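What follows is a pair of complexes built around chain A, which joins chain B in one and chain C in the other.
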Partner chain A sequence: MTLHPLLEPGWQLAVLPELILSGGGMLLILFDAFLPRAKSALAPLALIVFIATTWSERLFVQGGTYFGGTYEISPITMIFDLTFLLAGMLALLFARDYLDREGIEGGEFYALLMWGTVGMMMMAKGLDLLLIILGLEILSICIFVLVGYHRRMPVSNEASLKYFLMGAFATGFILYGTALFYGATESTNINTMARWFATTTQTTPLLTIAFVLLMSGFGFKLALAPFHPWAPDVYQGAPTPVAGWLSVAPKAATLIALVRLFNAMGPVLPKVSWMNMVATLAILSMIVGNSVAIVQRDLKRMLAYSGIAHVGYMMIAMLTVREESVAAVAVYTIVYALMNIGAFGVVSLLMKNENDPHTLDDIAGLGFRRKFFGFALALCMFSLSGLPPTAGFISKFFIFKTAIESGHTTVALIGILTSIVSVYYYLRVVYFLYMKEPAEGYEISSAGGVFAVGALTIAVAGILAIGLYPTPLFQAAGNAARALLQQ
Partner chain B sequence: MLDKLWLIPILPFAGFLLNGLFGKRAGKGFVTAIALLATLAAAILGTVAVIQYNGAYHHGERHLNVVYEWFHSGGIGADIAFQLDPLSIVMLMVVTWVGFLIHLYSVGYMHHEEGYWRYFAYLNLFLSAMLILILGSSYLFMFVGWEGVGLCSYLLIGFYYETDYAPAAGKKAFIVNRIGDFGFLVAMFLMFAYIGSVDFARVSQVAAGGGIATGILTAICLLLFLGAAGKSAQIPLYVWLPDAMAGPTPVSALIHAATMVTAGVYMIARSNVLYRLAPSAMMVVAIIGGLTALFAATIGLRQFDIKKVLAYSTVSQLGFMFIGVGVGAFSAGVFHLVTHAFFKACLFLGSGSVIHAMSGEQDVRNMGGLKSKIPITFWTFLIATIAIAGFPPFAGFFSKDEILASAFVTPYFPGVGKFIWLLGTLAAFCTAFYMYRLVYLTFYGSFRGTHEQEHHLHESPPTMTIPLIVLAALSAVGGALGLPHVIGHNFLGEWLGHVIPEVEGTHAEIHIPASSEWTVMIISTLVAIAGWFLAMRLYKDRGLASDQAFEQRAPGLAHAIENKWYVDELYAAIIVRPLAALSRFFWKGVDAVIDGIAAMLGFVIRGFGEVLRFFQTGNVRNYALMFFIGVVVFLAVFS
Partner chain C sequence: MIPTHYFLILSAILFTIGVVGVLTRKNGITIFMSIELMVNAVNLTFLAYARQFHQVHGLIFVFFIMAIAAAEAAVGLAIFITLFHHRDTIDVDEANLMHW
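On to the complex of A and B.
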């Protein structure tokens, strides 16, 4: 084993986004500590940090590997970075109005959002399983705190604890799986493992166990059935903007890490049945997610189950890692960020005692009373259900198309069928929005200032723009995927 | 204009935006002006485009207007592009002009509604989506319109959302249609995979060039037909259409009779090359069409809601259109689509006029003797009835005759063709019978409603009667578009012939020998007369007494028909309830199972469980156990 120089020249620029986010987070906490009365400046400051980070992504387009071959900057990591930043910004904007209303705004909230984003960036860029796990743990700690951020609410505390306990449990599996991988391939570096897989002639049971353990742990993070039961509870208890962010961003980070792993294992996958496990997870998720969502009346729980199903769809494309499928997953995560955080965002605007469930009755007649919020939620629902010409349609179309082209016809057909079932519960939201009068003597108005309206505008514009003109995004994703897979 | 085809669907969309955003505050005058102007402008621009097309193209070539490249990735792509060719033109003229007439009618019919602005906003949105459906140049872009009309149909069926049944009916329509969409989507995936394109012309070209296995083509055609069966209400997916009558009556006329529900017929006519190369799929289409035509017609025999009769009649007539395209007479199917748009729109609008006069009453048992009270409605309704019943020389006779004659002599499956002809002829008999029954029960005899209703009886305003008169006139003379060869000239058939190219080993058109033509025509006429005669004997003087007598003599059969052969109940039992049970199982049942296992394994995991209980989070223990079981099962299976 040769020792690389750990700090290649130019590394500062390579990790500039991470540096800005980390520093920005500290700055916000300090700002809040020294100027506790200037709370209204926190969100704009945080937004500036996010925008500066997005801007800094442009500075380093040539890419390369850093820190002794453990950290990769490439077009695909840039796309995922932007997805994380988009999710972070949307969550931030919704959270501003939400936290303000609940009277719990603080600098640390935004700081945790930023540090969580740093964790995800590490997962997306890490070429070493240990680094990916490190990023995952940074992210997880931020999630524990963010989920429990609404300290006065018992549901929030309970959700945080649940995520903590279950997350620790799952991390154990990931670590043990990684250790076994190390035992078998003598490395935790993805590229080194790839070389090992390319030359090996036979696999051992040890490897299969390693894969099952690792996949189970990641399956937990992705909320794939049967490792999903935490998700509805946690989403329901978490502050709603956090739930939206949590349902999207960490999953995207886990997916890109899995893409790397699956790609490294490429040569042996035809010889083993590992992908059958992934297919099983996908099928179970689609069936369980879509069918259980039907019987939910709590919007956040419904969206949680819908999220389980959506990760199921994405896993279909992951069954064969190739250029089109990686591009399809990359695009899907962006679209999913827009529509799911948008949907959670509208729910976060409903003024309620946060300890109570947000049911369908709460949005009855909202479509005519608050036209824009109603329209935005309806559009998110149409997009989630995959109705053209929304972005949800075209991205789902490509997921199923690549799966069928890769020969996973049965799984894809199950996906299409279950996504038809899903229309039922998405449409029910629209039905309550536009075809229900609010119950007698029941008046819940939705709050929402300029931040939330801005976030919803981004979501609506994005859903429509990607739906009507997806070419640039698909091309960028396709090029990035090609670059990733050619290594 | 030819390079700005996109303006045609954009105009109604602009109408939707304006009325949706400002209609509520701006008032009814504004809403009416915007909605009518947008529709009329689309119709006029469409007509201008058609005239220019006729000047520029002489052999029915396709005019393509690419707006921009929608997406291009992984070797496949699709454009946002509109096309004009003979088939699109026929649809365009029907949709825009009939659409305009129905918009005009709605002004009078919906005048008292509170949601006036909402209604016209949805209606304009519908028109926009429908125009995308018929002008789009690829299956994928067509699908955008396809889903759009479905969405508008859902919104408009549920328009009276204060009622219990209307939103449920809307939901049913949408979900049943999604089953059909499954077929449409998978068909497109297959096209991408095996043909490499979803552009209409390209798909036809590649398929005609050979090299695509018949099995693949058959699969594509059957899947497309599943989509068509959903949208066009064929067995087994027809159940949503009768319920869709919960929407306002002009909506039933526009969406659920004249335009949207015929989209499936349009799609199959559009895909005629694929179907001709997959005769077994054609046979399925024709058989389903024949069965639907007869089955729905039998239900129509004993319905008491004036709109329900017309709804089952629509399902049945759509069945006729599918017989047409199924036996290879694509232009005949489209011909019937056109004439049906005239007479069925007229009938629905007429029923709306009746309902309007009757202060909202829809049950024919409370009507009767309206002939002299609302004469314009009566005469237009009667003309449309004569047309649908198939009396020469009204429009319905010629289109239905061309379909039945083609089924009689189809070269694709001669024996089955005769059987389908028989189904169609029986359905035609039922059609004549139930339509005249409806006329006699509604307009003849004595008035059976309340005094209140009788007092309010009045003919509808001109905005409603003018569309009725125009449509009745078209129902009377529309048949001239496509006369049989033994009598005259089939303009429509020749015009549409341009989009039905010669393909090796298939038949571009069906030659009907003169003898068969006369035979079928005479039998059809006799059948229509028989249906009318029987209905007259039973209902003209005796009215409801005949229905009561039937119920007394054969109560089981009467109830079965009245309850639509219990198909809804059957679907609930075999599909809806099991699905709901499955959902509940995954939700609660799995937890229960896990709880049970937790109890069994309690000893093993007691220590772990006690630690967790300390944190007051009861579920976590079960979740962890579930996780653990999952891992163990996966380990057991995969290693």
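On to the complex of A and C.
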């Protein structure tokens, strides 16, 4: 049998994780349709699919490029794949209890989570702007539905409307930027573009416009200021486990795509002021995110603004694409997945009308009523604010260290100062957890079964393990980044 | 043969009209139509370049963009219908449950 020239031998194994996830999602929908009484089996089955995917990633996937040089599998894509799978699994475990409590559990929820993960994997592995955009769209369409999944709740519906209009608008910008890059470089393949950028001597205004369009589109997806206004509303309205997943995984996928793009543009970047624009976005995000988070009483909105600030930190490391900076971003996304989904997860366990905001008063005294939930939330807050010995400290430290080594001292300094400010609003949560009594007759109870406790255990163990013993992870990320940048 | 930059200018104008429409309109469906106009302007750009370079690349990109736009429309209309159930309107200014 002769194969099409674009199908290299072994391509089936190369896309095995994606195939398992997509197929598993379809089977889950069918399972729910034919056995509507067996809803309690959905989450365990979905978990099995995720674990099988992780396994196939480790056992069968070979490095290399596939599909005519458009699909690259390398150590860095494996690390990001594991981040996506970890985020998906944590969100799934928290979602199980949440959906069960709200009475809206269905196979399509887990299926959309899986298909979104497939989209992110395509973004991480795509060596062609077409694949990156296709992955981004698969992801976005899954998010539109997941955000509006609680369709009896007007806030959920409104959040999904806002994300849909903003997301589609941003996609338009990304597409137009890509079209103009295609016009300039005569290709959409990242490697071909890199060769063009390496030989070009001058840049045209057209290229700058293309870059600005592309960055504004990706800025929307990353929730970078000034493209952030959708984020607080969408996180507040979305089902809480979805908000946690949404605040982490798509950002990680967009960042790895940007790493590839910036790396391809490497030879041109010193000659133009493009990176100054990116630095401005990072500074604005850190300042806006951290200062507006202080005045938020709603936990989900506070976490949304804190997420804007965290993307700002990650963008600092992206200003110069080097081995260390890519490694720092890779580690940061893993740590961020653990602590942010963990924090959203505890919020998702509060038993409350989902249409109302989840305020700080709701968690008053929670640390004494539910000791483990309180401890986990407090640890996530310590980690988010970057206090040792948590993983948040070590990953943030490396971000700022690489930024200063690359010569971005001012930006790094602003980052350090704003992250000191952020300690205030993170520790306020801990203050409410342990030093505040709930108001008379206003006690929000929280419920969580074995799934939520399991997810929180993973998050807590991960934060402590990476915080106390970060060397292996940084080494793996460093080696992967070296392999990526040496091409 | 019509020069490429004629197409590019036309597509830039269409894209701008789309952006202005998104920013000024209140009706959800009209906003979505404006987004579709932006996407079609992008298609025109790709086609113009693909013709100039004599490549298939750009043409394939257009097919995928059309598929993406169709999928987005399906999900978007479902969201609008749910919104209409809740509010009896698809005016996006009425979607104001959340403030900071």
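Methods note: the second predicted complex is superposed on the first by the 480 of 487 C-alpha atoms of A that agree within 3 Å, B and C clash if a C-alpha of one lies under 4 Å from a C-alpha of the other, contacts with A are read in each partner's own complex, and residues count from 1 in each chain.
Simple rule for what comes next: a contact is a pair of C-beta atoms (placed from the backbone, for glycine too) under 8 Å apart; a residue touches a chain by one contact, two chains touch by 3 or more.
Remember, predicted model here, so these are calculated numbers, not experimental data.
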For A:L387, decide between first (touching chain B), second (touching chain C), both and neither.
-> first
Of the partners chain B and chain C, which touch A:T201 in the superposed model: first, second, both, neither?
-> neither
Check the residue A:N353 against both partner chains and state whether it touches chain B (first), chain C (second), both, or neither.
-> neither
What is the contact status of A:T188 with respect to chain B (first) and chain C (second): first, second, both, or neither?
-> second
Using the superposition on chain A described above, determine whether A:A179 touches chain B (first), chain C (second), both, or neither.
-> second
Using the superposition on chain A described above, determine whether A:I287 touches chain B (first), chain C (second), both, or neither.
-> first
Which of chain B and chain C A:V145 touches, first, second, both or neither = second
Answer with first, second, both or neither: which of chain B and chain C does A:D233 touch in the superposed model?
-> both
Tell me which partner A:L134 touches in the superposition: chain B (first), chain C (second), both or neither.
-> second
So which one touches more of the residues on chain A, chain B or chain C?
-> B
Footprint overlap on chain A, where chain B in one structure and chain C in the other make contact = 158, 161-162, 165, 169, 233, 292
Residues of chain A touching chain B in the complex = 158, 161-162, 165-166, 169-170, 173, 205, 208-209, 211-213, 215-216, 219-220, 226-227, 229-230, 233, 273-274, 276-277, 280, 287-288, 291-292, 294-295, 323-324, 327, 382, 387-389, 393-394, 397-398, 400-402, 404-405, 412-413, 416-417, 420-421, 423-424, 427-428, 431, 434-437, 468-471, 474-475, 478
Contacting residues of chain B [partner chain A, same complex] | 68-74, 76, 80, 143-144, 147-148, 151, 154-155, 158, 161-162, 167, 170-171, 174-175, 178-179, 181-182, 185-186, 189, 192-193, 579-580, 582-584, 586-587, 612, 615-617, 619-620, 622-624, 626-627, 629-631, 634-635, 637-639
Within their complex, chain A touches chain C through residues 130, 133-134, 137, 140-141, 144-145, 148, 151, 154-155, 157-162, 164-165, 168-169, 171-172, 175-176, 178-180, 182-183, 186-188, 232-233, 236-237, 292, 296, 301
Chain C - residues contacting chain A, complex | 8, 15, 18-19, 22, 28, 31-32, 35, 38-39, 41-42, 45-46, 49, 53, 55, 57-58, 60-61, 64-65, 68, 71-72, 75-76, 79-80, 82-83, 86-87, 92, 95, 97-98, 100
